[in-house]
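Two complexes follow with subunit A in common, the first pairing it with subunit B and the second with subunit C.
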Partner chain A sequence: MTTTALSDPVLEELVEILGADHVFTGRSARFNRARVPAPFPVHRWPEHVPDVVVLPTSAEQVAEVVKLANRYRLPVVPRAGATGLTDGAVPLRHGILVDVKLMNRILEVDLEDRTVTVQPGINMLKLNEELRQHGVMYPDDPASYPCSLVGGRIGTSGWSLIGGRYGHARDLVISFQIVLPTGEILEVGDGGGRKIRKSSTGFQLKHLFMGHQGTLGIVTEATLELVPRPEAEFSAFFSYPDYETAWRSTAALARSGLATLAGVVLFDEWKVRYLRRDDEAYIPQPPEVKAVVATALYGTSDEVRPAARRLLRIGLASGGEYLGDEISQGDWASRHDRYATPLHGRLAGGQVVPMSWHCEDAAVNWSKLPRVREEWHAIVERLSDRHPIFDDWGMFAYTNGAYKPWGDYLTEIDVGIWEQELDDESWAAWVQAKRDIAEVTVRHGGSISACHGACRAGEVDLVPLELGGQFDVMKKIKRALDPLNVMNPGKYLLDQAYEEETS
Partner chain B sequence: MAERPATGGSGHGALTEEFVGEWRNAAYNCFSSGHKFCREVCPVMQVTRDEAHSPTAFHANVVALEQGHLTLEDVARDYVHCTQCGACELRCPNTLFTGDFYRFRTRTVDLVKAMRALAVDSGIHQPAWQRWNELTDRWGNEPVLGNIIEVSQRHVRDWAAGLDLPVGGETVLFCDCEAAFYRTSVPRAVALLLQHAGVEFGLMREQWCCGGPAAEMGYVEQARRFAEHNVADWRAAGAKRILVLDPHDYITFTEDYPRYFGDDFDFEIVLVVELVAELLREGRIELTVPIDRVATYHDACRLNKRKGIHEAPREILRAIPGLTFKDVDHVTQWSYCSGAGAGLGIERPDLTAELSRRRVEKAAELEIDTLVSACVWSERPLGEQGREQEIEVFDLMELMAESAGFEV
Partner chain C sequence: MIGFRLAAQRPPDPQRINETVVMRLEHVFEVDPALMTEHVRQQDMPVWDTQRIVADRWEHLAWMHDHWADTVVSGEELLEESGPA
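And now, the complex of A and B:
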């Protein structure tokens, strides 16, 4: 069996650090850690296969592996759930893949100061199963809630479906321990106290070490927020005769000022059409329904009951029609399973083919949503005209701000891709479409990603344009913290930091 | 869905080409999603945390085989890491939602069985499985570890000593190998309860292993031979109805045998747990002896996850006087497993022990003294871990017989 390109001394040292049981060189172990769910031409799979996989069990082991990577100048790539959509966990330059899934213990539940401290390989659903007995929960609720892991949520600075009420990963992660690209173990928080939520001491480094897609280190422990399990949940879905009414109604609902409002979700007419066409689980709506808005409230019953009445009033007064309890409760309850809308799509002639789901996301202000939407659909239409293996599955817009869900929106366009047929030409067309989508976002004053990160081919080209001078600071920081460029190299155009150094 | 011939391209054998052709689209349906909802519910993944053991990898490997990136040799060993409990299929969004449209259902268990069969047919054996199946073939029954009774056809009915059970008849009780040679109290309990309720039944003339374990480990030809033997024995005995006390056998008789024999397979397969629950409802069995225990129920994977049977065992437990029953719902138990299934305990006994330890630990959190199962194969590893954690493990039929006033 072919194993790996790494030299024997590296493997010997890794075995010394981790033990032979936690160092994998077999082809299956490596190929199965090359991908994330984002579509990719399957014939190019071997381009991103790591040379060796390690499964550490402690921060000290991770630190030793990173130091070794520096000694040998080998890429080192962190991987948690590998459910991200921007290739953060993909080893673009091969090297040592650090899979943190074995580090999945709960280290401390502190019911006095309301924190839980965990290792990075734990999943939120599993964590909440354990927390239930204490009447608390960790409310980070991405679409990937049943499968993504805390370490990846920090590396992505991910977005939560109920973030309007509870905040997103950056609001919920209080502090963490991270192994820096040079192997030092650092405690990062809002100030120095591990369980302090707000500090004004020193630089605020917590945000710096979140959302870097593994380019600034590997999280080995995290202290997270605990909130009371909500007594009451209320969800309401409204339908509309046209997009514009739904868009205005979304604003009315989001601006309601209800503190229990977890989020507002706008389905555009492409999305409703797609669901009606190809998703039997979606309760069919009459043809006059062109757009849908979903809302959800969480909190104590004393708060949620009156808030629900008010929410319904606003929805109806702004042109919505209540879709009934079945779809309101059922569709909201199934929101995580809906995340995976893969399996099939259609060619232009209506022929059903197996398709992979991909989603391009952005943060866009409310006022810009209609224009961005039109331009994005036009981009995908041009793409699928030339390459019928792409299918427009419509758009969502979700309230984006934590606790202030009214100014900006996470908007996404879902595109079905017949990945089995993806050749180099259609892949290049897809990458260009992603670039065009990102360009529209930036032109309208948005941000290329609210949720996934922006380091895949295509959109990443626009990151310097979006960030301007901030990108230069990013490069300086990267070079200062990772002088040899070993930590997840090839992401976010950060190689440029080193090119400038040599020139 | 569009079909196209498998390309292979890396010099795979004809068997692999055929396999890839059959599974490529199903595998792609998982690969294209790649979201891995299955991972955290998979009992084996919860222990190994090794992505190569995930149902996602089991599917992705087919795509990699087709593309020529991996070979059967690269992946065969990974497929040991599955108890065929079916949790991943239940949790798969493709099964839950989008699959509705085309009646698609993720079939990881079938894929694992097919991949194991492909390995065996291609000459790739896992040593402990090979030995196990050789002995099964030689003895007619599984080489049950640490057997109480010598495994042989001569002793296959020893468990029934003194019960005066006939051989043959319209209704035949099929006794699992583990029950016949190791945990004999289970079939004795079943026989006593059925006799008491006036259910007429006999035993087989020559009962071989059901063949299910061989099929699960990839020894398909052997499994088929055993099935043919047993069906011939049933016919010779004049049987029309087969009573099954073990969930693994129940899967074999309701899924494998109909596949082997098609419409010719016209036997009624009756799960004993469901039958005795019915007898209890009808008042033909009365539970009067109090059982002074605090118990929880371990949902047998093959009943709960594979067959959706979780009510009957709970109904029986609630009917036992004196018993304090602390239930954990059957959906939570999707992620539980003893680790005894599909040969894991033969090839990776360390993993089976750890799965069982975690299962018993979950039970211990409920502050109980008794863990009740309805799967005889689970009871040995659970019992071993139970002893460490001061929890006794019983079969539901043992407890029921005791409450009905029998000594087993």
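And now, the complex of A and C:
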């Protein structure tokens, strides 16, 4: 059944560009592409449904769709795996949704210069299954590793669980091809060479076209880093009697200088309490376990074994107790796939209810972690006292620097939300809580997002405060590259660029 | 014919682990059924099906280790080699 609001000439032109099999106007195709796992006002679902969904197979098709959108002044929203925890892939003004999932081919594996070139719809797990035969891998490892796609990782400039060793998406993506908001196809890299990692030629535009949440274009091809497949993995989980000891131990482990250290993760008391409800690894832990620190190493066997000995010594000397191989190895393996976790939460009385997972993230310096943690939990406590459909699932702090896992941390507070019970009042309270969380981050010298992006309702209001004059530059760039504001309009407060032009 | 019948292998009565968790099979924990009465109901499952899910989970974790590296180094072995801390 066709229920789209688009006119027949638009649909006819889209069919001409893509073929009838790649243009979808039915309710199922459109409603299923309205949301992502980030909290979603389900009571206002129809506000976010695209008018039409297209699945292109080439950059040229994407470019033609974008040119058509400019001709008819229609919004274009790019969508890859739709696993993002901000609203990049959520349409705010309906329009044409460009789903890149059919662009999922490996175009070239270059074992001499250590790159792989892919289309944006490929998933990292699937890519690495193909790369294994060559003894190499692409080490981008988000919590959505089995289901997120390369195009979305570029649009988000996402964080990787093992970024302390291998870098994050911005470090691992060498260059890419992007369709600009006006329909031109552009090659973007660190300089001009498609496989060059470091250049000093001209402006550095690669970062500009990463993390824009689909507001500056649609990636259609990417050249990625290849690293040797690790011979050995070592993970160690330590328990602590209190948060402060665990926090200090986190710093000692992160500052160890071990080149194979891929990441350190701090679990606070709320997180351990939450895991004790349902997680088989934490239910049997004795009550004196109040905080946990996880660590992992990857590399050659000759590197990892001695590094593991040193890591164990540091963990034990800084107050930790080794939790054993079963939890260390089992829980670490599960960290590559957090989207598979069944989700339910608790009401104040303990009754189990279905809940969606929301993760509010920030980049925060190590010295600020304890204070930020207290203030964030207080915000969520006030929220859940007023609206029991919210449930505090605790906090993690992950090492956040590429190749240098110390100094600043991806800090997240996980909140369960009983989405079916959302209404305008509770949604407004949630959005205000997100504003409050972002305000704490900025006040403590942090950044509103280390990983997801900051364009969701609530925290986006604080983006101009965090960025200052940088936000004015963002608006000028947006207006210059997207003069008709067709590319994912409404995101990141960038409509302001056009309002100022009018006034 | 595959029998998806609870009667085929009814699980033993639960043993309480803590205030909110019970256990029927070794190291397989369940939410206290008393907490799943109003909004989410527990499902009745035969033992073989629970064991299948647990085995699949371990298989998945082993697959993930193998996906990321050739070998997994044991912390317990390293600590044993080093002697008492």
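The rule is short, and it goes like this: the second predicted complex is superposed on the first by the 492 of 503 C-alpha atoms of A that agree within 3 Å, B and C clash if a C-alpha of one lies under 4 Å from a C-alpha of the other, contacts with A are read in each partner's own complex, and residues count from 1 in each chain.
The working rule: a contact is a pair of C-beta atoms (placed from the backbone, for glycine too) under 8 Å apart; a residue touches a chain by one contact, two chains touch by 3 or more.
All figures in this text were calculated on a predicted structure; none of them were measured in a lab.
Participant: Would you check which partner chain A:R435 touches, where first means subunit B only, second means subunit C only, and both and neither mean what they say?
Facilitator: neither
Participant: So, A:H344: does it touch subunit B (first), subunit C (second), both, or neither?
Facilitator: both
Participant: On the A-aligned overlay, A:S301 touches which partner chain: subunit B = first, subunit C = second, or both, or neither?
Facilitator: Touch status of A:S301: second partner only.
Participant: Have a look at where A:V353 lands relative to subunit B and subunit C in the superposition and call it first, second, both or neither.
Facilitator: Touch status of A:V353: both partners.
Participant: Does subunit B (first) or subunit C (second) touch A:A29, or do both, or does neither?
Facilitator: first
Participant: Identify the partner contact of A:P230: answer first if only subunit B is touched, second if only subunit C is, both if each is, neither if none is.
Facilitator: In the superposition, A:P230 touches subunit C alone.
Participant: Please work out whether A:S334 is in contact with subunit B alone, subunit C alone, both, or neither, and reply first, second, both or neither.
Facilitator: Touch partners of A:S334: subunit B and subunit C.
Participant: First (subunit B), second (subunit C), both or neither: which does A:R382 touch?
Facilitator: After superposing on A, A:R382 lies clear of both subunit B and subunit C.
Participant: For A:L125, using the defined touch cut-off, is the partner it touches subunit B, subunit C, both, or neither? Pick first, second, both or neither.
Facilitator: Once the two structures are laid over each other on A, A:L125 reaches both partners.
Participant: Kindly list the residues of subunit A that each of subunit B and subunit C touches, one partner per complex.
Facilitator: On subunit A, the overlap between the subunit B and subunit C contacts is residues 125, 129, 278, 280, 334, 336-337, 344, 351-354.
Participant: Touching subunit A in the complex: which residues of subunit C?
Facilitator: 17-18, 20-21, 27-29, 31, 35-40, 58, 60-62, 64-65, 67-76, 78-79, 82, 85
Participant: In their complex, what parts of subunit A are in touch with subunit B?
Facilitator: These residues of subunit A touch subunit B: 1, 24, 26-29, 31-33, 35-37, 39, 42-43, 45-46, 55, 81-83, 99, 101-102, 104, 121, 123, 125-126, 129, 144, 146-147, 278-281, 334, 336-344, 351-357, 419-420.
Participant: Which part of subunit A faces subunit C closely enough to touch in the complex?
Facilitator: 125, 128-129, 229-236, 276-278, 280, 283-284, 297-298, 301, 304-305, 308-309, 312-313, 316, 322, 324-325, 328-330, 333-334, 336-337, 344, 346-347, 350-354
Participant: Spell out the part of subunit B that touches subunit A in their complex, as residue ranges.
Facilitator: So the residues of subunit B touching subunit A come out as 1-2, 25, 28-29, 31-37, 39-41, 49-52, 54, 56-57, 60-61, 63-64, 67, 69-71, 73-75, 78, 91, 93-94, 96-102, 104, 332.
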